[in-house]
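Report on the structure given below.
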Amino acid sequence: MTTHSFHRRRLVTIITEATLEGAILADIDALGPSGYTVTEARGKGSRGIQSGSWGLASNLRIEIVCDETLAPKIAATVHQKYASNYGMVIYVSDVEVLRADRY
Amino acid sequence: MPSLDPVILFFILGVVAGLSRSDLRLPAPIHDFLSMVLLLAIGLKGGVALSQQPLGEVVPQVIAVGLMGGLMPLLAFPVLYRLGHLPRADAASVAAHYGSVSVGTYAVAAAFLAHHDVTFEDHMPVFVAVLEIPAIVVGILLARGLEKGTRWGRMAQEVFLGRGLVLLIGGLLIGLGAGPEGVAPIKPLFFDLFKGVLALFLLDMGLIAAGHLGDLRRHGVFLLGFGLVMPLVGATIGATLGSALGLSVGGVALLSTMAASASYIAVPAAFRMIVPEANPALSLGASLGVTFPFNILLGVPLYYQLALQVHAFMEAL
Amino acid sequence: MPSLDPVILFFILGVVAGLSRSDLRLPAPIHDFLSMVLLLAIGLKGGVALSQQPLGEVVPQVIAVGLMGGLMPLLAFPVLYRLGHLPRADAASVAAHYGSVSVGTYAVAAAFLAHHDVTFEDHMPVFVAVLEIPAIVVGILLARGLEKGTRWGRMAQEVFLGRGLVLLIGGLLIGLGAGPEGVAPIKPLFFDLFKGVLALFLLDMGLIAAGHLGDLRRHGVFLLGFGLVMPLVGATIGATLGSALGLSVGGVALLSTMAASASYIAVPAAFRMIVPEANPALSLGASLGVTFPFNILLGVPLYYQLALQVHAFMEAL
Amino acid sequence: MPSLDPVILFFILGVVAGLSRSDLRLPAPIHDFLSMVLLLAIGLKGGVALSQQPLGEVVPQVIAVGLMGGLMPLLAFPVLYRLGHLPRADAASVAAHYGSVSVGTYAVAAAFLAHHDVTFEDHMPVFVAVLEIPAIVVGILLARGLEKGTRWGRMAQEVFLGRGLVLLIGGLLIGLGAGPEGVAPIKPLFFDLFKGVLALFLLDMGLIAAGHLGDLRRHGVFLLGFGLVMPLVGATIGATLGSALGLSVGGVALLSTMAASASYIAVPAAFRMIVPEANPALSLGASLGVTFPFNILLGVPLYYQLALQVHAFMEAL
Amino acid sequence: MTTHSFHRRRLVTIITEATLEGAILADIDALGPSGYTVTEARGKGSRGIQSGSWGLASNLRIEIVCDETLAPKIAATVHQKYASNYGMVIYVSDVEVLRADRY
Amino acid sequence: MTTHSFHRRRLVTIITEATLEGAILADIDALGPSGYTVTEARGKGSRGIQSGSWGLASNLRIEIVCDETLAPKIAATVHQKYASNYGMVIYVSDVEVLRADRY
């Protein structure tokens, strides 16, 4: 096995309402990350319980791996546009990736 | 007293299981599947009916019913805004929910009539589709006014391309295109299973409604009252219009039920995107937590009695 | 020799696909959907039967069957604990699984009898519901004794509000309330599709059972033996009781099958919450990996023969 | 002109909803459920037919059809590789897709013939199962040659244990084992609901096909052309072979359709694992984005006309 | 876009059996985080394979964003109550959030 | 409540095509981690959109908690074997666990 070196990147995680899917993914895309990953979620927060039993009561968990510049931009843009009216949690963390050129 | 239709018993089972914190739960994909079959089936039925009818007769009715859907939010809004002191966006949203229609309630009423051998006009499902939209448009106008910022194109997309309407109108067009013989081979799934699918759907709606009773507690007695009185007002308007349009007793009962019912699919989805500052817990608490159970359990037989009365009154004129 | 019922062939397909590592898999929401329809359908059938029968006749049978369910774990426990050297919690858990009942096995036995034109008492599904609970209570007592710490309220909630029992008893009550004409419109989904749904469910159970054969290898030959012998003991007890209660041959065969079967829904769920130190791989390995396939493939016809023998013997007395 | 079969209208609804960016979407578990029912139903039908037929008559047809499936990729490959300048792996993959068969297209063609009261040989589903495999094997050989590295055992597992083939052949064997009376109790689910399930499946395939139209734009006009011409070539080969095998007009039309259709289940799954450097967007773009809609909308009636012509021609000889 | 500053919080992730959902979420809730997020999962661990094919064979993945004090409390409480009898993995990591007042 | 000390470990997250499930999980297993967790996902990346609407268009999100030695080994092995032919994102991050002996 060849040696691989890891490169520091940022992971933005957004948890929000499933109804927002089309709009928020378009906005994220427009900021230019190399991609995103979505999983179905449910949960509880300041806006009560999202039981996941139907579309309006479901959440999404969106992850974006990107560089140090883009991460706060994505977090801030999404937060500014949606956080006051929609259930939303955003957090950012450090990750390491193998291919520096991809993110 | 006529025995309870078993589909209602499924709804009650769901409410009881939900309130007693059973771990019973229908997976979201099954919820989607069941409501998809219901929407398509209702659309198909209406489309087949349209395929056998001179369209000219239906058009005036469609216009009248559409107007009713647009006017009802104008009636409800001031009550919610002035009397209920709801924020403007919330008042508009709740008003739009009640101007629109609940497909599940319609299905229960149609099943109730069939159960009691009351016939009705075959094209009633067309009105379900027609009623979905005007209330949304009026509701958004009430929330936003005619301000420049409103992105009407985006709004039209949210409204017309919402999955509920696509399935309902898609079903209508397919039924219209295929006609009675055309749909015969898909009858076993969409028509024969209809009441079984409705039963399972209502079981799920019972579980969901149980979850929304809590919302209601938080938002107080005004919404509870509104959720009980508005259907009665709507039912009266619907029955009067139905009678004026010359519908049969069954048709009057159905239009009355539609007017009495409140949306929980198309309207909340559209408002979530276009008027997001409106709190969905509020409108769904009223629509799903109060009006839906009320209509399912008590409203439908009541509106049928109302239809009988109104019809007799009109005959007597 | 009578040909194999095709639903059995679906089970075998599932086992073969599972063992040969095919990527065939039923999504969990579909598993839930299928078992929901089966549980409701069985409950509905029993409820409709009850609606047409003097309840007084059924009550003594219900009590006797309930007692059987409570006594069987007492029989199984010492074998598992002393002979099998299982830890106390595991012995109690496995004993409870075998005192309770497998809805899938019941459905296969009912289908087998129908396939061979053997009639049985319409209210047999009532016994399925009745058998679910006593074994759980006795099993928990065996695991915990009457120690103070046991939270019986919490336990009652886990047991009675488990989704399996809610659907079964919910179906029973709906069937009882609606009666035969009431359930007619939902017959196409719950009754006409029953065997097709059962076929798909068994396909899935075959895949799941294949996954549990590995568990068994790990837990040795004692459990394998227990999983094969206990059903035979249970079947004999069930057949004897059924006969003593004056059931028809078909009824005796069904009660025998119920007694021979082991739970894989209600009991594991309840034990997971209340006696969590019991290892579910062990009890499910025996119940799903051995007894379920054994009953489905060989047991059911065997218990029918047993019912014939016992019935003939009782007649001869 | 005969009216459009409503199942086609469901496909069109899906395409339109997908292209207009409606939020309509069938959950993946429902997609799996629908295709599972279709595959089992088609298998069961074929198996029941085989159970009533001397196997000796079918074997030569099976061999001939299998050969056709193996030869078609040999015909398509040079076109894709030399003329289309596709990379070797991609050329082999696309060729394999077109040598294999689309179960959905087969179902639509069978429904079309039933709609027009055209009978066909009951054992046609056997050919669907037979056609799945040879094209995959030949395709892999074309991509890899006979190099040592190829893990044929692994390949055989991927091919034969893919869920599509397991359900199709599993259904065949169950139908064969159970015979017509055996499958009678599961008829309501697998046969009566067949066209309804097909309608929902085609709605979903319409949504998926709409998503693949984009792929196609990216991969240019050559693939578009190939996706339109290759079915015509395949249809002619299939019709000729069907006629030579002495099939009825309906049978010729079905074999023609199978030859014209391109796989989107078994072949992409197998190539993804065994020839992963082949780009699935390319082969699915052609198969799902072009050929499937073309066959569903225009191909099937065309191939029926072709069958009539070829049959008349052979009679005239 | 206004500048947003990030605040350090902790993310507790718990992977456990789906049957535990009601009980464990109540226990977590009682410790007072501002919310939680749940996704369906399957997996393999010391207790064998959880294939996800039905309820008893399914896992949940629970995430809680909270402050430095609460994180070890949640992890320890859940671990102590459930880890000996249930399939369970708990890990904690650093994240950054936009709104300091919410977690 | 007893004091619990946390131990530093690594979390490897792999997002890839669902068709790869059997093969990639076997490969990961062979490298000897104590387990893994899988969730269903969809997303967008260099290979286009994975809509999640059916098997071929679905992703998986695989998580492995392991020690500092194993993490790069898993990441590198999986990357080398699959990344050139399959949609794939791999990232590694720091986590803390309660039970040092388990991972």
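Every chain is named by a letter (A, B, C, D, E and F) in the order it is written, and numbering of its residues begins at 1.
Methods note: contacts are C-beta pairs under 8 Å (C-beta built on N, C-alpha and C of every residue); 3 or more make two chains touch, one makes a residue touch a chain.
As the structure is a prediction and not an experimental result, all values here were calculated from the model.
Participant: Which chains are shared contacts of chain C and chain F?
Facilitator: The common neighbours are D, E.
Participant: Same or different: at the chain B/chain D interface, is the fraction of residue numbers used by both copies above or below half?
Facilitator: different
Participant: Among all other chains, pick the one whose mean CA position is farthest from the mean CA position of chain D.
Facilitator: Relative to chain D, the chain with the farthest C-alpha centre is E.
Participant: So which chain is farthest from chain A, going by the mean of the CA atoms in each chain?
Facilitator: Between chain A and every other chain, the largest centroid distance is to C.
Participant: Report, in whole Å, the distance between the mean C-alpha point of chain A and the mean C-alpha point of chain D.
Facilitator: The mean C-alpha positions of chain A and chain D differ by 39 Å.
Participant: Centroid from C-alpha atoms only, then distance chain E to chain F, rounded to Å. What do you get?
Facilitator: About 18 Å, centre to centre.
Participant: Which residue numbers or ranges of chain C touch two or more of the other chains?
Facilitator: Residues 21, 23, 25-29, 32-33, 188, 193.
Participant: Could you list the positions in chain F whose residues touch two or more of the other chains?
Facilitator: 39-40, 52, 93-94
Participant: Which residues of chain B touch chain C in the complex?
Facilitator: Its residues touching chain C are 3-7, 9-10, 13, 17, 20-30, 33, 111, 114-115, 188, 192-193, 195-197, 199-200.
Participant: Report the residues of chain B in contact with chain A in the complex, numbered from low to high.
Facilitator: Interface residues on the chain B side: 25-26, 28, 31-32, 204, 207-208, 211, 215, 268-269, 272-273, 276-277, 280-281, 284.
Participant: Considering only the defined contacts, which chain C positions touch chain B in the complex?
Facilitator: 27-29, 32-33, 36-37, 157, 161-163, 166-167, 170, 173-174, 177-179, 182-183, 185-190, 193
Participant: Could you please specify the touching residues of chain F with respect to chain A in the complex?
Facilitator: Touch residues, chain F against chain A: 13, 15, 39-46, 52, 59, 61, 72-73, 75-77, 79-80, 83, 89-94.
Participant: Going by the contact rule set out above, which residues of chain F touch chain D in the complex?
Facilitator: Touch residues, chain F against chain D: 17, 19-20, 23, 40, 47-49, 51-58, 82, 84-86.
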